[in-house]
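By written order: A, B, C and D. Residues from 1 in each chain.
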Amino acid sequence: MPVQYYLFLSLALFCIGMMGAMMRRNAIIVFMCIELMLNAVNLLMVAFSKMYNDAAAQIFVFFIMVVAAAEVAVGLAIIVMMYRKVHSVDINILNRLKH
Amino acid sequence: MNFLLLAANQQTPFSYLPVAIQLLVGIGFVVLTIGASQFLGPKRSTADKLINFESGIPSVGNARQPMAIKYFLVAILFVLFDVEVIFFYPYAVNFKELGQEGFWAVIMFVAFFLSGFIYIVKKGALDWED
Amino acid sequence: MKAIIAATVLGVILMFAGLFVKEKKSVASLAVFLLFVLLGVNIWDLVTTAPNETLSFFNNMLRVDRYALWFNTLMTGCTLLYALLVSKEIQRVGSHVAEYFALICFILCGVYMLSTYNNVLILFIGIEILSIPQYILAGSDKRNLKSSEASLKYFLMGAFSTGILLMGITLLYGATGTFNIIQYTFLQSDMLSPMALAGILFLMVAFAFKVSAAPMHMWTPDVYDGAPTPFTAFMATIVKASAFVAFMRLFSVSFGAISSDWMMVLAIITAATLFVGNITAVFQQSVKRMLAYSSIAQAGFMLFAVLAVNATAWQGMMIYAVAYSVATIGMFAVLMKMKDYTYDGFNGLAKKDPMLAAFTTVFLLSLAGIPLTGGFMAKYFVLLAAVEQGKMMWLVIFALFMAAVSAYYYFRVIMAMYFKQGNAELNTEVSATDRFLLAITVLLVIVLGAAPNLILNI
Amino acid sequence: MTNLVYLVPLFPLIGFLINGLGWRKIPKAAGGIIGSVAILASFAVSLGIFFEVKSTGASTVVHLFDFIQSGTLYIPFSFQVDALSSLFLLIITGIGFLIHVYSTSYMHEDEGMVKYFAYLNLFVFSMLLLVLGANYLIMFIGWEGVGLCSYLLIGFWFKNRDYTNAAKKAFVMNRIGDLGFLVGMLLILFNYGTLSYQEFFGQLNGGQVQLSANMYNWIAICLFIGAMGKSAQIPLYTWLPDAMAGPTPVSALIHAATMVTAGIYMIARSSALYNLAPAALNLVAIIGLATAILAASIAIRQYDIKKVLAYSTVSQLGFMFLALGVGAYTTAVFHVMTHAFFKALLFLGSGSVIHAMGGEQDIRKMGGLNKHMKITGITFLIGCLAISGIPGFSGFFSKDEILASVYAHSPVMYYMALGAALMTAFYMFRLYFLTFTGSFRGTEEQHHHLHESPAAITIPLIVLAILSVVGGYVGLPPVISEHHTLNTYLGSVLSNFNVHHLEHSTEWILMGLSTGLVIAMIIVARVATKNPKFAENTGLAKVLENKWYVDELYDAVIVRPLGVLADVLDRFAEKMGVDGVVNGTGRLVRWSSDRVRLLQTGQVGFYIFVMVIGIAVIFALRFFGLNY
């Protein structure tokens, strides 16, 4: 299967994630959309690694996954902290800081 | 065959077109779906609709029970320590080639890892009843 | 190389110190001592490497050259100065003093990686090590909702930009089949595949976010405003400088040969950054927020160093990083002493505490780029680099105009201090030690302006 | 002696440090003495240097230390000691000293006196740096330094609101000029890789680097824009009259004698460049002439004694630029010198008057002061005679020389310049007659307080009066003596550029013409002010009184639109865009109606939206072929 199919797929996933991050208001969902972007990248990475049959890219994917996990940890902690303050995970109520 | 990987030595705008098309398709799809659901979907929200459906029985109490923060904490820590294991696969695959140096590298990795674990234990993140 | 490991280990040590040492003050002093050690390690690295010798580690994933070592040393020195100046305020932020300092150590580890990476994997990890602790530091003031809000905003947008960065790396990998930034130089301008170009642009966008260049700057004012002031001072100076060095390293080492393909876009980003930062700063009422916008404006000037891929640009980046960091740290240190962060809070400071007012004036003059201060030399060098490179005359003139605009909002503070009535209330008593340290900072600013050779000829 | 040149700026610096660091502890008198002595010391050194240069005629570069040294770029911190700079040294330190002495008495009531002297010393230091520097960078450092000091000194009495505004205006206008200077500097550096005068001028006449005439013009014009800002030429002149908000001695030192002549110094210093840039030179001449006429016409209708002097300063600076523009560089420097003498004299005299009148500056409320303050009156008269060019006084020689070289350049310009000179005579004597003759028009207790100022004020007046009489004899016109002392002195540095000499008959005629007309003007002024009536001005007079409405014009054309733009960016970009996101969130609004009022901005979604738009724009820009 030619690699550009993977390219198209993961670009589409990436754009979907982008739009989601842009349009959703629930912090968790926004964060999931960002994870979707990262996974689109992972998919593309693996596809290329197969194309060049070069393992480096797969190791890179491992690193992406681990860093993403670390981000999940920090992110969820922040979101929980936010939730305990304002009892909502809606990012549109983050309005203390403005112009 | 693969125009994206080929070096496009004829720099016509056409050779850029696929990228643009891809972006447009990707963005357009999402805009379409979300926009459509916004406009087409009927917006009649009666009181009956807003109560959550408990198989006909009127719901009791609030669904949002305040949950102990411990659950989040444990879940988060689990995710961390679970995913870190991923680094053992590449080492396991070719630890012979890596030899001594690789071994010590992994030992260092585990050491940092353990220090993190000891830290959270000391910090009292895992003891369940305060 | 030694420094990276040292930073990590010292960070871990600090974490554990937090468990056993309960006394905030002693933790802080321990942290300062460890930063001294770290500076020592950096200097050790520096002196054990011959000039124009480049070492490479981890089968060529790190390439350590003299410039990087010197940059690391200077940044560590700035961090030390910062820690000395604001350790009291850090203790006031919250109860986890040891963790705050540990996070700062980890950030320094990221700084070292970003100045020596030779492989985009290290770039990616370095940026993450740089960013994730910042998300935590931004939210470290648990009592304050603004702090948590800043943290969440910063986290969401930072993660977003990470996605962009990774997409860029992946597309470049697809086009070249390598992660090594030296091998990216195989890219030829006349046969540049769209994928490679897209990758470069994605990377540029991601970096633009990290250095808060327009239009990716929107997070900056909110985060800098909401985060606890001591940590804002750190984010706005050392972190931003190292992000810039990473930006420069990639774009002049790897893509310097094909600069004609991305220069125009970056030039437009630069113009936008200068415009937004300066014009918006004019209308601020809080000095803290004004400094946030001014950091955007200063980023616009630093972008010149990236634009002009030549030797002067590297020197300009070095001196700009140091001059800007020192002046901004000093300015924030003064700001933290004030009770009221608005301009009116500074009214009549010259009467109440002439010494403090004089120090503040020097910092502001340096930020505004008045001669005989470090800020002037920095602006001079980066603009000179752009002029030598030749294609950017219109942008240079625009930048000079914007510098004139910037004088307006910096001098508003000076006017408030000297030309206005009122009693500026101090938050805390300014101790003799603080005065001494501030005096040293002022001295550094002036020395940088009078003899830039000291840090240029390395 | 030359190798001691570093002492000249050092003494004021020390004075500044002493006064600046201890301005709370040091008693006023001590502060004044420290400041004055510092300047006196550097005056002594500059005297020595002056005579050495006069004897040897050498122009040497004294290297102090390496300032910037990085790869190709090498900028030393070194001083240029030659005829031009040593002459300026004398003017700055000499007049500076007199004005310091004057200030010790003038400012002695002010509680910030020591701080004032610190600023004054700092100003002298930066001015000396400006004059002494052996390359454009050091000149620029001094350039910014004097700007800063004038900013501090104008705003010195910051109780008054619009004083600080004047200070800000001065600073911002100077910054605009500095842009030109910086761009010019960068162009020089870019083309020649050096900023030092010696190498640059060496390259200019017969080096390997040869540029197009266009490039020379651009560099010259950029430098001239800087000069416009500092020396208050059209269009950047409006800050100078407002700068009169500062203490009077400051106006005398900074805004009459020294700082404003920095532009003249720079262009005279770069004469080698301007000789290659005829278009730029013409521009200089035209701007100078226009400024001279405009400012003189404005001064005719001013009633504030210091404003009159301020506009006359602008007009005289216009004369100097006119002289530069026609290539008579030494003449311009000559006029700088004489003007420094009599303009400082006039300002200090006005200061003495204001002192006596208890702060009153409106000449409509003065008159007949001769009876009460003889010395001030006489010295002021001498100053007026000098500035309006009565034969025998210094102003005559320099102004006549300017007019002669302008005539040689083009008769039309000559007649216009002559008109400006006549206006000068008119408004100066209008000022003199209204102030010192006739009957007193002020209030009774003002009349009571009228008194001659103390010696510390009168002695500088007398010294300056003597100087503004004899100062002109260093440059006798060729018809009187073939030996022009100043030209021969400056000859080693400056050489006038295509200035044709007139045959003597023409020159006699010109002199006679101007002198006669000037005297006629004085008589007119006398008649006009015989029994003054200050009716509401109408027609042209009103326009003049309102300074041709230039400030209003700037406000309408530049200031307001900029403000609006910034406002739009601030409000619209940060707020309106967000509302779109906000409106989509109806359920949230219902869920937390109490927070609705807060839902204005700071939305992550909007921020990411902007980022995405930015990415799209960047890609579009690049992929649809925008690159070098």
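Quick note on the criterion: contacts are C-beta pairs under 8 Å (C-beta built on N, C-alpha and C of every residue); 3 or more make two chains touch, one makes a residue touch a chain.
Keep in mind that what you see is a predicted model, and the values were worked out from it rather than measured.
Trainee: Which neighbours do subunit A and subunit D have in common?
Mentor: B, C
Trainee: Report the pair of chains linked by the most C-beta pairs in contact.
Mentor: C-D
Trainee: Taking each chain's centre as its mean C-alpha position, how far apart are subunit B and subunit D in Å?
Mentor: Chain centroid spacing, subunit B to subunit D, equals 66 Å.
Trainee: What is the distance in Å between the mean C-alpha positions of subunit A and subunit C?
Mentor: 26
Trainee: Measuring centre to centre with CA averages, how many angstrom lie between subunit C and subunit D?
Mentor: That pair's centroid distance is 39 Å.
Trainee: If you average the Cα atoms of subunit A and of subunit B to get two centres, how far apart are those centres in Å?
Mentor: Computed from C-alpha means, the inter-chain centre distance equals 6 Å.
Trainee: At least two other chains touched by the same residue of subunit B: list those residues.
Mentor: 4-5, 16, 19, 23
Trainee: So which stretches of subunit D touch two or more other chains?
Mentor: 570, 574, 602, 604, 608, 619, 623
Trainee: Going through subunit C residue by residue, note those that touch at least 2 other chains and give them in order.
Mentor: 149, 152-153, 156, 160, 174, 194, 198, 222
Trainee: Taking touching chains as linked, do they make an open path (line), a single closed cycle (ring), a hub with spokes (star), an all-linked set (complete), or other?
Mentor: Chain contacts: complete, every pair touches.
Trainee: Over in the complex, which subunit B residues touch subunit A? Could you list them?
Mentor: So the residues of subunit B touching subunit A come out as 1-2, 4-5, 22-23, 25-27, 29-31, 34, 69, 72, 75-77, 79-80, 82-84, 86-87, 89-90.
Trainee: What residues on subunit D touch subunit C, complex-wise?
Mentor: Residue list for subunit D touching subunit C: 23-24, 65-71, 73, 140-141, 144-145, 148, 155, 158, 164, 167-168, 171-172, 175-176, 178-179, 182-183, 186-187, 189-190, 565-567, 569-570, 574, 602, 604, 606-608, 610-611, 613-615, 617-619, 621-623, 626-628.
Trainee: Which residues of subunit C touch subunit A in their complex?
Mentor: Contacts found on subunit C: 121, 124-125, 128, 132, 135-136, 139, 142, 145-146, 148-153, 155-156, 159-160, 162-163, 166-167, 169-171, 173-174, 177, 179, 221-222, 225-226.
Trainee: Spell out the part of subunit B that touches subunit C in their complex, as residue ranges.
Mentor: Touch residues, subunit B against subunit C: 4-9, 11, 15-16, 18-19, 112, 115, 119, 122-123.
Trainee: Once bound in the complex, which stretches of subunit A touch subunit D?
Mentor: It comes out as residues 18, 21-25, 30, 88, 90-99.
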